[in-house]
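Order as written gives the chain letters A, B and C; numbering starts at 1 within each chain.
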Amino acid sequence: MPILLEKRQLVVPGDLIAEGDYIAGENTYKEKDKIYASRVGIVEYETKKVDVVALRSFYVPRMGDVVIGTIMEVGFNGWTVDINSPYPALLRASDVLSRPFRPQKDDLPQVLDAGDLVVAKVVSYDRTHDPQLTVAEPGLGKITRGQIVKVTPTKVPRIIGRKGSMISMIKQETGCNIILGVNGIVLITGKNLEDEQLAMMAILKIEAESHTTGLTDRITQMLRQEKNKKGGKTE
Amino acid sequence: MNEKPEKLIDKKGLRLDGRKPDELRPIKMEVGVISNANGSAYIEWGKNKIVAAVYGPREVHPKHLALQDSTVLKCRYHMASFSVQERKSPAPSRREIELSKVIRESLEPAIFMEYYPRTMIDVFIEVLQADGGTRCASITAASLALADSGIPMRDLVVACAAGKIENTVVLDLFDTEDKVGSADVPVAMMPNLNAITLLQMDGILTYEEFEKAVNMAIEGCKTVYAVQKEALKAKYVTVKGEEESQEEEVEE
Amino acid sequence: MSVITKVKRRQIEQLIEKNSRLDGRGPLEYREMKLEQGLIERAEGSARVLLGKTEVVVGTKIETGEPFPDTPNEGVLTVNAELVPFASPGYEPGPPDENSIELARIVDRGIRESKMIDTEKLVIEPGKKVFVVFVDVYVLNYDGNLIDASALAAVAALSNTKMPKYEIEEGEIKIKSGYEQLPLRKHPITVTCAKIGNKLLVDPWLEEEQVMDARISFAIDDDGNICAIQKGGSGFLEPSQVFEAAKIAKEKAKELRKKVNW
């Protein structure tokens, strides 16, 4: 029984990928004996499982995801956070204050106000409730400086690269610290604006060309060229 | 105002715009045209010019309309005042309300409604210029906008109409043919699943003519489907050679 | 709209597999149908249809008015439908929603495309004054298949509609005494099929409508021609099912035609 399409083939919803005894993986579905793509993407398969790596998608929260979000609303015992997903997330006051919330004494907008950015982790989420976040772990909390870039969530693995090769290279070439939210929001903090913008350029280029090969080399080259143009200000 | 044309099909069997009975008008599609929307598409089908955009899945407003086990699909089909010969009032007409409903019902079977409970998907269609067959072009564009937004779908939905003018069953009627002809049958389908999601008809047809018209519309759908797929892939195909053409124009 | 229980849904689906329905009907059987005409004296024409427990009353009114600019030598037909709030627990008062608009337009299409009314005979002064026929559909109880019941009631109401006689005296229209029948050519009948599982059944009742994947309605004229079609519902039909439904509609329309005397 055949796989009808080759690896790395570009598919759109409704394209028939395989027929027979296969398992429908990411962004595919099975109808009777046939596996179809459900999103625009690239076919991948390993042994019996057929996946489509989506090129067009949006972020759906999962437990344990580290995300970057924007505070939208201050509620009476917590905050509503926009994590770039169909569902708004909840951050409880008690989580941020690391102690029970005292409505008379604690002034929430002083701690986090609408428009603030946070790095947080998804601690609970299911079909019946909106996702809940925590910042009570090292590395999480309010963001005070840096640049924010929004990318399609499915491109995040490409930005990380195999064994982190791509992201390490960018960090090295630009001297910036980069936090990649699984939800497609990226925080870049560098020594100066130019370094941050260089890193941003690299990340956006990866997003645009994520489906091509030889990307790591091209990005490295581009970063070096840009730095030379500026007369080698960065180390 | 407009004179009724004497003949819709001439002695050589050609229609007023030079087409053969089973010929489609030229069609062009482009995906990702409205940057603010989650997904969008623009279609030119003959003289029709239509934009479709999708927002969602996102929070439901008003909250009480949210469904616990399904997303809510909303659709708004609207014609711009200048889209037709005589200025049309911007207020939604009864026709636009009916079309909004049937278009929504044509797209819903393609969406995995149960994947994102307590969310809402908004499909907005704006007809900038109309020349017959706007619902078919709208459905085709809306389906691209949904795929562009990354909403998982069973298949693309494509639509095409067939009808009857002067005793001949023809494909893809333009406005004059629709007004003066004797029947119009718009059909929308998910081609890979052989599923018809919209079917309407006005006019008079015998059962045999009806069967012929539907089959002709289905063939038209399959042709347009190929153009749809190419439009979605266009962003990602690097110009390599002859087969990976960026052009989506269809003459047949 | 009340939610149907999963148990009921399974029950209906299982019965359909065996070509049987909860109320004992076969898949191609209509519920008991009662037709009453002329019940509203104030209206120019009227009819009441009871299809099972679905109840629809249609009244027609005739007024004079201007023709549409692109049809200066034809009278005007306008159809409106109201889903009266007490007709169903889910109905609320308010302007017509998409369901009542769709219903009105489907009924309108059957009448208009079959050329039921000889609109050329409704002209008083070409391009200036014509008769306007108002068909108003009122759904009083919703128990499934509003389309067929409403279409039937509308056609029946038009069949007993009386037009006022008039004469033009010194450029003015004077209404004379007496009436004449509305000039009619055809009597379309609409048949709706619902798809549940992989089966088609006619005249879906309320709970069947809550379970069905899709419905498709065909308006059939006296000669067996199809003059209007509307697929509804958020499911789909295969092409073979569409053609099967068309054949069923043609047959059932013929049967229903024998039962009514309008």
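Worth pointing out:
Assume contacts are C-beta pairs under 8 Å (C-beta built on N, C-alpha and C of every residue); 3 or more make two chains touch, one makes a residue touch a chain.
Values in this document were obtained by computation on a predicted structure and should not be read as measured data.
Taking the definition of touch as given, a chain qualifies here only if it contacts chain A and chain B alike; none does.
With centres taken as mean C-alpha coordinates, the chain found closest to the middle of all protein C-alpha atoms is B.
Farthest from chain C, judged by the mean position of CA atoms in each chain, is A. Centroid to centroid, with C-alpha atoms defining each point, chain A and chain B lie 34 Å apart.
Note: centroid distance chain A to chain C, computed from Cα atoms, is 54 Å.
Per-chain CA centroids place chain B at a distance of 27 Å from chain C. Residue positions 190, 193 of chain B are each in touch with at least two other chains.
Touching chain B in their complex are the following residues of chain A: 10, 12-16, 27, 29, 31, 36, 38-40, 54-58, 60, 86-88, 127-128, 152, 211-212.
Per the touch definition, chain C reaches chain B in the complex via residues 69-70, 96, 98-99, 101-102, 104-105, 109, 112-115, 216, 221, 224-239, 242-243, 246-247, 250.
Interface residues of chain B, counted against chain A in their complex, comprise 38-39, 56-59, 68-69, 110, 112, 116-119, 147-156, 190-193, 229, 232-233, 236-238. The residues of chain B lying in touch with chain C in their complex are 1-2, 94-95, 97-98, 100-102, 104-105, 108-109, 185, 189-190, 193-207, 210-211, 214-215, 218.
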